[in-house]
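Chain naming follows the written order as A, B and C, and within any one chain the residues start at number 1.
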Amino acid sequence: MSEVQPTQPEQDNHPDQMPEFEERLLLAERKDWEINEAVLQPMFKTGRGFWILVAILSAIVLWGFYAWGYLIYWGMGTAGINRPVYWGLFITTFVFWVGISHAGTMISAVLRLLKADWRRPITRGAEAMTAFALMMAGLYPLIHLGRVWKFYWMIPYPNNRFMWPNFQSPLMWDMVAIFTYLIGSSLYLYLALIPDMAMARDYTEGWRYKLYRVLALGWRGTEAEWHKLHRALGIFSVAIIPIFLSVHSIVSWDFAVTIQPRWHSTIFAPYFVIGAVYSGLSALASILIIVRRSMRLQEFLRSEHFDSLGKLVMVAGMAWVYFWFAGFIVEWYGNEPIVRELIHEEVSGPLAPFFYLQMGANIIPIILLVFKRVRTTPVLLLGTTLLVNVGMFTERALIVIGSLQRNDLPFNWGTYRPSWVEISIVAMTFAGFALLYTLFSRIIPFVPVWEIKEGRLRYTLRRIGRLLVPTAAEIE
Amino acid sequence: MAKDANQSDEGIRWALVVDLDRCTGCQACVVACHAENNLQIVGEKEAAYGRWTHWIIIHRYWEGEYPNVKARFMPIMCQQCSEAPCEPVCPVFATYHNEEGLNAQIYNRCIGTRFCGSACPYKARVYNWFRPEFPEPLTEQLNPDVSVRTRGIMEKCTFCIQRIRRVEIDAQAEGRSPTDGEIQPACVQTCPTSALIFGDLNDPNSHVSQLAHSRRSFRLLPELGTDPGVIYLKGGEVNV
Amino acid sequence: MDKTNNLIALFHESTDTAEAIDELHTLGIDDEKMVVITGVPYPHGALGRQVEWLTLPYIVAVGALAGFLFGLFLAVITPHLYRLDIGGHPPVGFPPAAIIIFVFTMMATIVSTFLGVLWEMNFPRFGPAPYHKLVTAGHLAVLLEYPATLDSQVRQVLESHKAHHIGEPERMAL
């Protein structure tokens, strides 16, 4: 059973071209066990490159923990923040990670509700990205606390200090919303994983068998189990969408509820949400391209998936530009002195390089993604989507740090330089995310096998004139 | 919904009047404040990077072109706003509004999110970036009435609440209420030109409330609606 | 009580399975006495079986209500127990309370959906259960419990629909 190798003639001939949609690639002639093998086999292959990658990422993570310890031991002054820039790179990266986490739900819940079939092979990768990005984001509220050892004072439980948190503080909303989203996305990921854990259990032995057996919870795949699972996933998809909208809205209210010029804006919530979707979908595309190549999943992640994903990124990007412009024109026209100063700093002042980086890195990809060749060529799509996230990170930095440098009293204006501690900790979360994702891809089947098999049930090929066209049946 | 206690016109509302006409920018108030409230000295390098811990900051603005340059000074401390933007954002109630109209900071509760600092439009709050150090013999002059704050927490001008409380307790023991001018925060006591006057704004006979009705009086950033407890009197051409 | 036999049969294909199930029904074997195990979720009714009634939506509704009430308690009642005034805001304001109540409602919805579906599926359950590893390899398995008197007829039905691996179900630790 383990002798079968997935055939990939396309890969051999044109390494840069994704295989086009073909009858062969509908997986119609693939047996179920062949699909299982094709997904499971790459997980077992942990070559030297894999361990080198793990070692490098672990080293960065360890260094980041050292930096965090240094920060806790010596005080917040070892970071580059000051008065008035009380929030710096930590909060910027926090917003960035929360943003990245938004694509998982976008893909798996919204597309599941819309019955968009191209979501099937990428849902698990997207949900894992959500969970890991939220874990990284969740570190920052702790990291940026001046007295992190007192963080539990934010947890509402009766105590002998007679202390109670303030539920009017956006940080409390943040805490409960991110916690809810982390629980929701992790449970969503896990629930859809149970049948695949059972599949992996049947194919493995040793420590993997033990792990999968525990995670499968005794799943057999009876009709009743499938029925209940479907029902639960349906409820999850509906329930998690308001959560995902609320989380980034609440993050935006951290800023918008203050009367800091440029933060105090009603458009921040939808602007942040759409920016999150834009950067999250882009990050998902980047990750899928990398995983697809390193794990040889070309048979499952095909050009049609990247084509659709690319279109979605493009639409999200256009919406981002619209929201950005809607906020910008009001501020520009209002011409209030401090806002005018901030806009001036961005457009032609010291922040101009970042501003043009933000605009360029967010708008050029939209234009590039118009072309199908960009959407379906892995290298081009990877470059484009990475560019989007460069732009989105810069955008968050401009919002958080750029705005804080200026305020209502010019004598209080300041500047900000990140310190090595901040850069190390930011690097730690990037490496930590990559590390979690790398390990995940070798432990958990990256492609949701049962969902692919379910999708395969729906498709038949129909001949229209000279063409063979896949047609989908309306079943659920 | 409960009645909003902050809006009350009854009781005491402590206020500080800053006469910009008299301020010479000598920084004596800053020094006095440091001594009274156990403020740490962060050193030149840190201060230049915006990490000073002064509770009073003398804003200095230059006016005009050389050689006709005028320096204008404006001492800015916590404005003790009635509608303080810093208060609702704290997740642990480390800053709240007390019944005497003061914007109180509870150091022990603070976990250091710095949200209040970001929310304050006057940026009057300062943060303990490092563990405070008081080299010998400075430890000998620490004020026992005021706690020494640790690293990682916010602090700000309290209107010398320890002095307010001491006078109030003494007055109560004598069965009277504090007289106008009896309470003197350290900066008020020290100001060589008497540019700072402290008192109860809700007492119509107090010096402070009379000055507050002066033609010269204004409050900082009134358009934000924070209703500060610090009242400025416009300066003329004097402080050159 | 009549003696009953247990049997497992594996099928290659769903149409065969559905037809076999129909014929087993005509033999007088109840739906409850049959368990169909598949590696792929088949649409409702594809295998000619009744859809089970679920309590899950009720569990979720109760959970969401509990979350709503808990959020209400936290956001509206506790601030009065630990009263501290903050500038310009009443102790309880509508927008912050709405956010807290919303988030706790959603959290309870999610958690009760998860716990509810596990409870409905009777999970986790690691004990030995009748199962066949070929299920995840694409076969459809039918577990039967029927009176011993029907044995030959049942086997005949199964064999006529290309069933294989017919035999006593192996109870394996899952």
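Please note the rule applied: contacts are C-beta pairs under 8 Å (C-beta built on N, C-alpha and C of every residue); 3 or more make two chains touch, one makes a residue touch a chain.
Nothing here was measured: the structure is a model prediction, and the numbers come from that model.
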{"item": "Topology of the chain contact graph, where touching chains are joined (line, ring, star, complete, other)", "value": "complete"}
{"item": "Chain pair, B-C or A-B, that carries the greater number of C-beta contacts", "value": "A-B"}
{"item": "Separation of mean Cα positions, subunit C and subunit A [Å, integer]", "value": "30"}
{"item": "Inter-chain centre distance, subunit B versus subunit C - centres from mean C-alpha coordinates, in Å", "value": "64"}
{"item": "Euclidean distance of C-alpha centroids - subunit A vs subunit B, Å", "value": "45"}
{"item": "Multi-chain contact residues (two or more partners), subunit A", "value": "163-164, 166, 168, 172"}
{"item": "Touching two or more other chains - residue numbers and ranges from subunit B", "value": "85, 88, 90, 93"}
{"item": "Numbers and ranges of subunit C residues touching at least 2 other chains", "value": "82, 84, 86, 89, 93"}
{"item": "Subunit A partner contacts - residues on subunit C that touch it in the complex", "value": "35-44, 46-47, 49, 51-52, 54, 56-57, 60, 74-75, 78-79, 81-82, 84, 86, 89, 93, 96-97, 99-100, 102-104, 106-107, 109-111, 113-114, 116-118, 120-121, 123-127, 129, 131, 133, 135-138, 174"}
{"item": "Residues on subunit A engaged by subunit C in the complex (per definition of touch)", "value": "1, 31-33, 36, 156, 162-164, 166-168, 172-173, 176-177, 179-180, 183-184, 187-188, 191, 195, 198-199, 201-203, 213-214, 216-232, 235-236, 239-240, 242-243, 246, 250, 450, 453-454, 457, 475-476"}
{"item": "Contacting residues of subunit A [partner subunit B, same complex]", "value": "74-77, 81-87, 141, 144-148, 150-151, 153-154, 163-166, 168-172, 175, 254, 257-260, 404, 407-412, 414-415"}
{"item": "Touching residues (chain side subunit C, partner subunit B) in the complex", "value": "80, 82, 84-93"}
{"item": "Touching residues (chain side subunit B, partner subunit C) in the complex", "value": "1-2, 4-6, 81-88, 90, 93, 95-98, 103, 226"}
